[in-house]
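In what follows, subunit A forms one complex with subunit B and a second complex with subunit C.
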Partner chain A sequence: MLKILIPSILLLPSTWLTPQKYLWTTTLSYSLLIASASLMWLATPSETGWSFLSCLMASDPISTPLLVLTCWLLPLMVLASQNHLMLEPINRQRTFISLLISLQIFLILAFSATELIMFYIMFEATLIPTLIIITRWGNQMERLNAGTYFLFYTLAGSLPLLIALLLLQNSTGTLSFFTIPYLPSTCSTPWAHKMWWTACLLAFLIKMPLYGAHLWLPKAHVEAPIAGSMILAAVLLKLGGYGMMRILIILDPLTKELSYPFIILALWGVIMTGSICLRQTDLKALIAYSSVSHMGLVAAGILIQTPWAFTGALILMIAHGLTSSALFCLANTNYERTHSRTMILARGLQTLLPLTAVWWFIATLANLALPPLPNLMGELMIITSLFNWSMWTLILTGLGTLITAGYSLYMFLMTQHGQLPHHLISLNPPHSREHLLLTLHLLPLLLLILKPELIWGWSA
Partner chain B sequence: MAPLIYSALIISLGLGTTMTFASTHWYLAWMGIEINTLAIIPLMAQNHIPRAIEATTKYFFVQATASATLLFAGISNAFLTGQWDITYTPYTLTSTLITLALAMKIGLAPLHSWMPEVMQGLNLLTGLILSTWQKLAPLYLIYQIQPNNPNIFIALGLMSIIVGGWGGFNQVQLRKILAYSSIAHLGWMILILSFSPPLALLTIIIYILMTFSLFSSFMLTRTTHINSLSTTWAKIPILTISTPLILLSLGGLPPLAGFMPKWMILQELTKQSLCPLATMAALSSLFSLYFYLRLSYAMTLTMPPNNPAGTLPWRLNPQHNTLPLALTTTSTICLLPMTPAIMSLMPF
Partner chain C sequence: MLSRLSRLGLALPRSVSVLSTRFVSQSKADSAISSTAVTELYEPVNQSGHGEVSPFAKNPDFHGFSTDPEEDVRNMKMGFFLGISVALVIGGTFIHYLPDHGMRKWARREAERLILLREKEGLPLIEENYYDVSKIILPSSNED
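Entry: the complex of A and B
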C-alpha cells in the first residue's frame, strides 16, 4: 500500500522543485507511472477478504477498483488542466497541481482505511482541496455560492456521522473494518437506534447524492474547473457509495424497514433528475444532473444489500466515474473554444470537430448504458435486484432507463448534429492532448467489457 | 508607550495570572484577577483615541462588576462553610454565583455582550492578550470550584457556541469576528469542563495556538476589515495560503488541528450519553465556519486575475518578526496526527 502512497506524497516536492519548463511533463509522467503501478492492486489474491494488509491500510475487492480509479484519474486531471492554467504564474500552477495531488493522497488513505474514524477524517479531508479548487479556479461569480453549498451540505451530514461513530466506538471498543462484521448489534431504545441509523447513513446519502439533498452537486460541478469536475464526478461521489457499503454491515437489521423512504427517494430522483436533464440549456449542468440520476440508481442498489445489487452498484460506480469524467472533458473542449456552457451556442460540432464527435458518440453511448459496456452491466444488475426486492420498482427503473436514453441522445444531437450556428465558422482543432485524454478515459471502459471481474467486488 | 511602563504592565499581567494559579484562598485568587484587570487597562488605553477609551471603560465596568460578584460569592462561601478554600463550594448558591461571575469575566453567553465592542476598540496585540491570556485565570478558577451538577456549564457552553456562531454572521470588522470566535471556542471549553478538565485544557491550548496565528497574520498585514483582507496577496503572498488554513482549522475541519478538540469533546460527550447535546454543539459550530469561510473567500479565493474586492492601500515597510507566527501556523495545520501522543499526555 505504501508503494503507491509514498510516491504520491513525494509528488508534492517534485511539483515544487521541478523547473518551469518541465512541470507539466514531469507531473504527468510520474502520476502515470503511479497509476500503472496501482494496477497491481487489481491482482487481489483473496476473492472476498482483505489483501495488501498493514495495521492501518488494506484493500479488498470493493475498495480496489475505486483506488485504481483514483490513481488513474490524477494524470487525466493533469492533462485536462494544462490548457486553462497555462496563462497563470508558475507558483499558482504548482499550487493547483499540489491540490490535485493532496486530493489523491487523501482519497488513497480514505479508500484503503481499515478503521472507520480514519475513513471519516480522510472523507472530510477531501473537502478542503476540492473547496479550494472550486472557489479559487472556477470561472464564474456563482462559484462562491457553490463552494459554500458544497461544504455545508456535506458537513451537516457528516457531523452526526462522527457522533454516531463515536457512539459505536464507545459500545464496541473498536471501529476496525476487520472486526466490525462480527460485532453484536448495539441495542438501545428504538428511537435512539433509529436516530443512530440515520446519522450513520445521512453523510453518505448527501454525498452520493440522494435526490432530496442533491442541490450542492449541480452548483459544484458546474462552477468547478475541469479537474474539479472530473474528480468530483468520478471519485468523490463514489466515496459516499463506498462509505455506505462499508457501514451498512453494522446497521442490520434495522435497514430492512428504515431504508424504504431512501430507496424510493433515490428511484424517484432517477426520474426527476432525468427529466430535468431533458430541459437543460447548460451542458455541464446536464452532465451533473445525469450524475445525480446514475448515483440515485447506485444508492437504491446499495440500500437493498443483495450480492447482485452490491456488484451492480460497484460496477456502475466505476463505469459512471469514467463516463462522467469523459463527458466533462468533452464539455470542457467546448468551453475552452467558445467560453460558454450554453448548448445552443455550440451546435453541429460534428462538422467542425469530427474526431471529437467520435468521442462524444462513445461517451453518450456509455452514458445511456449501451451493451456490452460495463454501464449496462451495472444498471442491469441493479434493476434486476430491485425487481427481486419489489416488482413495482420496475416501473421507476424502466422509466428511468428510458429517460436516460432520451437525454443522452438529446445531448448528443444538440451538440453534434444539426446545422452550425451562424456565428461559428471554425474552431481551433482538437489538440492531441485532448484526444489522449479521452482515449485514456474511454479505453479502460472498453477494456472492462472483457474482464468485468476486476470491478465487480465481493461476488466470488 | 515608554518601555519601562510597558514592561511593568506586562509583568503585572503575568503576576496576576500566576497569583490566581497559585492561590487556595479566595482573597488571593480575587486579588490576582484584579491585578490582571488593572494591568491591562493602560494597555487598552495606550492609543488615546476615543474608541479605545470607550473600550477600556466598558471593559473596566464589566470586569469590576464580575470581580465584585466574585468577591461577594467568595465571602458568602466563607460565611456559609466557615473556610476560605476555593475548592470547597458545596452550596449551589455560591457555586452558581461564582460560575456566573467568572463567565462574565471571560465573556460566555449570555454574559457576552461586552466582548465584541471591547475587542473592536483595541489594537490587535491587546486584543490577542484579551482573548488568550485573560481567559486563563478565570477558567482555572471555574475548574477549581468543582460544582455538583454540570447543568449550568452545559447551558453556558451550548449558548456560547450558538451565540458565538450566530453573532458573527453579519460582522465585517475582523476584531468583532475574532471576539465571536473566542466566545464560541470558550463555549466548547466550558461544555466539557465538568466532564473532563484535561480536555478543556487541550481545547484552550489549541485555541491559543490558532488564535495567536490568526492575530499575528492580521497584525502582519495591519488588516482590521474584511475589505482590506483582499489585498493580502500583494503584501505577503504566503499568508494567502496559510491564513485560510488557519481559519478552516478554527472552524474545526479535519485534517487540521482544530478538529482535535472537537473530536475529543464529542467523544467524551458520547461517553456520557449526551448525544443530542453533542449533535447540537457540533451543528452549531457550522455557524462559525460560515464566516470563517467568508473571510477566506475575501482573502484568497477571489484573488486576481479575478476582480479584487478592495482598493489597494499604501504599502509601508512593516517589520517582520515571523518566527512565532511560523511555529504556531505549522502547529495549527499539522498537529492532528499527534492526537494519540497528546492524549497520552493528558491525565485521565
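Entry: the complex of A and C
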C-alpha cells in the first residue's frame, strides 16, 4: 500500500521543485508510473478477505478496482488540464497540480481505509481540494453557487454520519472493518435505531447522488474545470457507492424495510434524470445528468444487497467512471475550441474532426451500455437482480435503459451529425494530447471486456 | 504561388499579400488586360495580441502539450510511451498472466475432485446442512 501512497505524496514536492519547462512532462510521467505500479493491487491471491494488509490500510476485492481507477485518473487529469492552464502563472499551475495530487492521496487513503473514522475523514477531506478547484478555476460566475451547493449538500449528509459513527464507536469501542461485521446491534429503541440507520446512509446517498438530493451534481460538474469534472464524475461519486457498500454490513436488519423508499427514489431518478437529459441544451449538463442516471441504478443495486447486485454496482461504477470522464474530456475539447457548452453551437463535427468523432462514437456507445462493454454487464446484473427482488422494477429499469439510449444518441447526433454551422470557420485540429487522453480512457474500458473478473468484487 | 503569378507575366509588388490574391477581372470586356490580381474581399482583421492565435500557426507540429516545440515533442513521447507502452501494454500483460485470479480455476478443480471422490464412495454430493448439526449448541428456550 505504501508503495503507491508514498510516491503519490512525494509527487507534491516534485511539483513544486520541477523547473517550469519540465513541469507537465514530469508530473505526467511520474503519475503514469504510479498508475502502472498501482496495477499490483490487482494481484490478489484469493477473492475473499483483505490483501496488502497493514494496521490502517488494506485492500479487498471491492476497493481494489476503485483504487486502481483513482491512480489511473491522475495522469489523465494532468493531460486534460494542460492546455487550459498554459496561460496561467507558473505558481498557479503548480497549485492546481498539487490540488489534484492531494485529491489522489486522500482518495487512496479513503478507499484503502480499514477503519470507518479514517474513511470518514478522508471522505470529508476530498471535499476541500475539489471545492478549491471548482471555485477558483471554474469558468463561469455560477461556480461560486456550484461550490456552495457541492459543499453544503455533502456536509449536510455527512455530519449525521459523524454522529452515527461516534455513537457506534462509543458502544462498541472499535470501528475497524475487520470486526464490525461481527458486532451485535447497537441501538435499543426502534426510533433511535431508524434515525441511526438514516444517519449512516444519508451522506453516501447524497454523494452518489440519490435523485432527490442530486441538485449539487449538475452545478458542480458543469462549473468545474475539466480536471474537476473528471475526478468528480469518475471517482468522487463512487466514494458514495463504496461507503454504502461498506456500511450496509452493520445496518442489518433494518435495511430490509427502510431501504424501500430509497430504492424506488433511485429508480425513479434514473427515469427522471434521463428525461431531463433529453431536454438539455448544455453539453456538460447532459453528461452530468447522465451520471445521476447511472448512479441511480448503482444506488438501487447496492441497496438490495444481493451478490449479483453488488457485483453489477461495482462493475458499473468502474465502467461509468471511465466513460463519464471520457465524455467530459470530449465536451472539453469542444469547449476549448468554441468557448461555449451549448450543443447546437458546435454541430456536424464529424465532418470537421473525424478522428475525434471516433472517440465520441465509442464513448457514446459505452454510455448507452452497448454489449460487450462492462457498462452493459454491470447494468444487466443490476437489472436482473432488481427483477429478482421485485418484478415491477423491470418497468422502471427497462424504461431507464431506453431513455439512456435515447439521450446518448441525441448527444452524439447533435454534436457529430448534421450540417456544420456557418460560423464554425476555424476550429483547431485535435491535438495528439487529446487523442492520448481519450485513448487512455477508452482503451482500458475495452480491455476490461476481456477480463471482467478484475472488477467483479466478491461474487463468482 | 509567387512563381505562378509571375508565369502570367505579372510582377507583383511585395505589399500585396500572396495568400489573399484572387483573380477577378475588373476590367471592361474589351480591355486588353486579361486579369487583375486583387486583394481579397474581406480585409484580414489585425488581431495581433488581441484575438486568439492558433498554436498551429507558430508550430505546425503542435502536439497540444507546450508552446516550446522541443518540450512539446518530449512531453508527447513520454506521455505516449508511459501511458500506452508501459501502463497499458506492460500492465495489461501483468494482469493477463496473474495466476488464477480469485482462485476460480482452483475452485473448479476442487469441485470436480470432490465430486469424483463422493461418487466413488457413494456419498451424497452435497449435504443439506452446511454445518454439522450435532455441533450446534442452541441456547435453552427459557424466558429471559
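Here, the second predicted complex is superposed on the first by the 457 of 460 C-alpha atoms of A that agree within 3 Å, B and C clash if a C-alpha of one lies under 4 Å from a C-alpha of the other, contacts with A are read in each partner's own complex, and residues count from 1 in each chain.
One rule holds for everything that comes next: contacts are C-beta pairs under 8 Å (C-beta built on N, C-alpha and C of every residue); 3 or more make two chains touch, one makes a residue touch a chain.
Values in this document were obtained by computation on a predicted structure and should not be read as measured data.
By the touch criterion defined above, A:439 reaches subunit C but does not reach subunit B.
After overlaying the two complexes on the shared chain, residue contacts for A:451 are found with subunit C alone; subunit B is out of touch. Legend: residue contacts after superposition of the two complexes on their common chain; A:301 is shown touching neither subunit B nor subunit C.
Measured by the number of subunit A residues touched, the leading partner among subunit B and subunit C is C. Within the superposed three-chain model, A:132 lies in touch with subunit B and out of touch with subunit C [touch as defined at top].
Once chain A of one complex is fitted onto chain A of the other, the partner contacts of A:400 are absent, as it touches neither subunit B nor subunit C.
Once chain A of one complex is fitted onto chain A of the other, the partner contacts of A:225 are absent, as it touches neither subunit B nor subunit C. The contact surfaces that subunit B and subunit C form on subunit A in the two complexes do not overlap at any residue. Partner subunit A is touched in their complex by these residues of subunit B: 241, 244-245, 248, 253-256, 259, 263, 266-267, 270-271, 275, 278-279, 282-283, 286, 289-290, 293, 297, 300-303, 305, 336.
Considering their complex, residues 88, 95, 106, 120-122, 124-125, 127-128, 132, 135-136, 144, 147-148, 151-152, 155-156, 159-160, 162-163, 166-167, 169-170, 192, 195, 199 of subunit A touch subunit B.
Here subunit A touches subunit C in the complex through residues 21-22, 24-25, 28-29, 32-33, 35-36, 39-40, 42-47, 61, 72, 75, 79, 82-83, 86, 426, 428-429, 431-434, 436, 439-440, 443-444, 447, 451, 453-454, 456, 460, going by the rule given at the top. Subunit C meets subunit A in the complex at residues 54-56, 62-68, 71, 74-76, 78-80, 82-84, 86-88, 90-92, 94-96, 98, 101-104, 107.
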